[in-house]
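Presented sequentially are two complexes of chain A, the first with chain B as partner and the second with chain C.
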Partner chain A sequence: MAQRKIAVKICVGTACFVQGGADLLLYEDFLEPSLLERCVIEGTGCLGGCKVQDAKSGAPFVEVDGNVHANVTVDRLRQLIKEAIDA
Partner chain B sequence: MLERNNQYALMKRKIDTEVLKAFFAGTLEKRVDSLPIDIIPRDRDPNRCCVYKERAMVRYRIMALLGFDIEKDDDEYKPLADYVSEALHAEPKPLPTLTTIAVGCSGCPDEQYRITDSCRGCFARPCLANCPKDAIAFINGRAHIVEERCIKCGKCLEVCPFHAVIHVPVPCEASCPVGAVHKNADGFVEIDHDTCIDCGHCAQSCPFGAIVERSSLLHLANLLKEGREAVAMIAPAIEGQFPGSLAQIMAGIKALGFADVVEVAEGAHVTAEHEAEEVAARIAAEQGFMTTSCCPAYMNLVDKHVPALSGRRSGALSPMAYTAEMCRKRNPDAALVFIGPCLAKKVEAVRIEEIETVITFSELAVLLVARGIDIKEISPHELPDAALYADCREFAVSQGVAHAVQRRTNRPVQVMNIDGVDKKTVRLMRTWEKRPPEADLVEVMCCEGGCLSGPGVLVNPKIAMRLRQGTEVGKVGARPIGDKKRA
Partner chain C sequence: MNGIFIDVDYSQTYKAGQRIGGDVFLQSKEEKGNRVVCTLSDGLGSGVKANVLANLTAHMAHKLSFGPMHLTNSAKIIMNTLPVCNERKISYSTFTIADVRSLEEKGIAVQLVEYDNPPSMRFSRDLPVPFEVNSIDLKREGAFKEETIRQSSFTMQEGDRLIMCTDGVMQSGMGKTFPLGWRQSGVSSFISELIGRHPEISSRELAAAITRKAYALDGYAAKDDITCAVLYVRRPRRTLVVTGPPFTKERDDLLGRKIREFDGRKIVSGGTTAQIVSRLFGAKVSVDLSCWSRDVPPASKMEGMDLVTEGMLTLSKVATALEQKIPLHNMPNDAVRRFVSILLDSDQVSFIVGTKINEAHQDPSIPVEIGIRRTIISRIRRALEQHYLKETILEYI
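Our next item is the complex of A and B:
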């Protein structure tokens, strides 16, 4: 059976892009091949996360399998993808 | 130099955004003194010793954003609200551009080479054999460096088979090409503004954020809020800094309230024409090499440290200066605002009467986010006919200026590139008087890679390059960076 691919959407709205989202776009450089082959990663327009005013949740936002996560760093993205693969 | 979007850079952008949001909401004076607490909540896991120190640093960061010189204007009794009203009512005094936050300085230990526990005390002892100053001593079967003798040449580090020798630099001192940053008697950072060339490398390299640039962002925000006519002059490096096309970036800037947006590449065309003419005349008269003159940090470098090169510089004005002239003719009353990647431009602009103020791309980003303008979604601005100066957009990239000059002359021009200026390049430039470089045109860019790596840019230059080549932003990372094939 073909493995299900995990859908990863990196927000490239301006707010996310300038708060570190741009660096997440270098995923080919920092994600291990074993993780890369398990997901389909793409940039996407504003996910709307920045419109919610909340001190804890800040840009950049990334959607993994339909769930939106805030304050995503390179490490956190790797972790989120691993969690999605294990789930 | 630090990675572009490190945690400090992101924090700085967050602080600036919060300040600007409050400003546009009309609540800045009321809220500004509690912003450090809002931004650094009690339960945050601090990157400094404690949240209280972090809050103190947020306060200083806000003061720099308001345009104050922290070295001179720091009054601990004065509420930030007072600073805000002062900033809004006084004429900005932007010099010197860089200022230091002594309490933020970690007081890094002096530069040193140190031998770590990985030393095996080997038989061959290449460190001992290669040390030119006899500064290696063996104690209890392990190598040690005798500080008084060590000249920090690094030979021992190169030859140790176990990589047991480490080099611990002082980042700000190491990054300064002219030795203008040093530690004072107390061991904390100090900038000698008389010798500083405003390249901003120190601010870019301090991992504690103890060196900051003073901003005129609030001045600009106020000008836009009051509805004064303003024209944005955008540096050629802007393409690739935001998630959209150049036309979208221009539309975004217009949406901020600017009456017009003009590409500085237009003025760069004039600069390139002048330089082409000059270099051709010099070749004909066999006068030897000429250097470019568009990098303001290089101009400061020559003025302050390598005066022998004064006559070697092209007499052309900078693209910013020519563009300002053009804009002044078209809009006699508008406030002209230069938006670029550079801190030295802030200093250059003080000498150019037409220019109201200078902000960086990072500061522009803060304005856009605070106003909720999304470059990716905005419908593109109509691009002007750029046939004449399209190639001058490459002024932002190392070799781009030289190429533009070459294209504008019919003589073969031999080019040499100085891609990034550090202590070594300055030493090299000092030898040019006696041993001139074998070139007709020397292109000098103080930042390695060109303006795309300037201290005021937002985006990793690798990503910026790809976006400039027309890669769609969502797919910009779809191939590893080392891969030569164009994405």
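Our next item is the complex of A and C:
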């Protein structure tokens, strides 16, 4: 049976792009091939998270299987994808 | 500007070893844009002397053609005024004047006056179109040769071109590739073939292709000044740039209507703006991750739009690129390059600027400076008008 692919959307809006989103777009360089093949990664317009005034939620935002995550770094993205695969 | 646009441009290569040209091309446009006068002159000899003769001739012809005087009189005045060459003991310079007026729906009226330049060529799409020529003998006192002026008038329609060359083009390759040079017939079939392959080729590109070919035929050392001017009647290439969400939500529909009604290329710049347009048009936005650089977020695709980009970062880079006249081929393959390329390919650029402020951009912890949309758009407009002679229109929503 074909494995289900994890849907990953990286926000490329202005605020996300300048606060770390640009690093995430280099996912092909830092994600292991075993993880890459399990995901469909695409860019997305503003997910709206940056407009919420909340100390915990900051750019960049990434959506993994429909859930929006804030403050995503390269390591955090790898971790989120692993969690989604295990789930 | 109405439904028709007169695209005039020229290209020139100096005779080998010369640092100044003996061919002079002038063009001026009336402010309202419905009359264009072009003058092409080739002065006797080459270098500074020829340049002085050609400049004198072109400027006189140009000024006189705006006056009420009959052209044969103007021609006599020009010939009587030209200084006599010290070596050849004659005063001589050729000219072509094209006086072009827009008649709105009826097309473009052309009055053509030629003296000793190679006959101008007229094309409809890729087909040469012959036109009737009246010859007027000047019978000037003190003339050293027979002086015949060729006068013609005709109407051109959208898709028509008028091509004016100096003898440097017609005689290129003489004694090398061709015994008598490239000649009218050779140039004409070259143009036909080129237009056939690129039906929308701009005046700048066509003129450049002709002079480049002539230069190559001369073995990359021009035997004479090579000049070609092209006048192309076409629809103005219009581009609409939509950026920023409307100040109030109620105006979203108005924005949608304006975009839908616009005839030309369409750029949407801004993530939120793209979402609004996407909702209004029921078209999906998909980010194109193949096209981005460190400073510029990726472009996106949306059906019906020619380009969808991020907003403020892209726009400020576009403004800088235009202000510094950075050549397209020196830019990385990102959204800014695509944006600038569309702008430079347009005659008229309309901006619809939404004035709503994005509060996320006001966060002081953002590491780069994000300017104000209106200011950046003004910079882009100023650069387009001053450096690239484009017409721009601005509207806030």
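Assorted remarks:
Here is the rule we go by: the second predicted complex is superposed on the first by the 87 of 87 C-alpha atoms of A that agree within 3 Å, B and C clash if a C-alpha of one lies under 4 Å from a C-alpha of the other, contacts with A are read in each partner's own complex, and residues count from 1 in each chain.
FYI, a residue touches a chain if its C-beta (ideal position, glycine included) is under 8 Å from a C-beta of that chain, and two chains touch if they have at least 3 such contacts.
Because the structure is a prediction, the values reported are computed rather than measured.
In the superposition on chain A, A:Thr44 makes contact with both chain B and chain C. Among chain B and chain C, the chain that touches a larger number of residues in chain A is B.
When the two complexes are overlaid on their common chain A, residue A:Leu25 makes contact with chain B and with chain C alike. Of the two partner chains placed by the overlay, chain B and chain C both lie in contact with A:Phe17.
Residues 12-15, 17-19, 22, 25, 42-46 of chain A lie at the contact with chain B in one complex and at the contact with chain C in the other. Every residue of chain B that touches chain A in the complex is listed here, in rising order: 4-5, 10, 13-14, 38, 41, 242-243, 252, 362, 365-366, 368-369, 373-377, 458-460, 462-463, 472-481. For chain C in complex with chain A, the residues that touch the partner chain are 271-272, 274-275, 285-289, 292, 294, 297-298, 300, 310-313, 358-361, 363, 365-368, 370.
Those residues of chain A that touch chain C in the complex are listed here as 12-15, 17-19, 21-22, 25, 42-46, 50-51, 59. Note for the complex: chain A touches chain B at residues 10, 12-15, 17-20, 22-29, 41-46, 55, 58.
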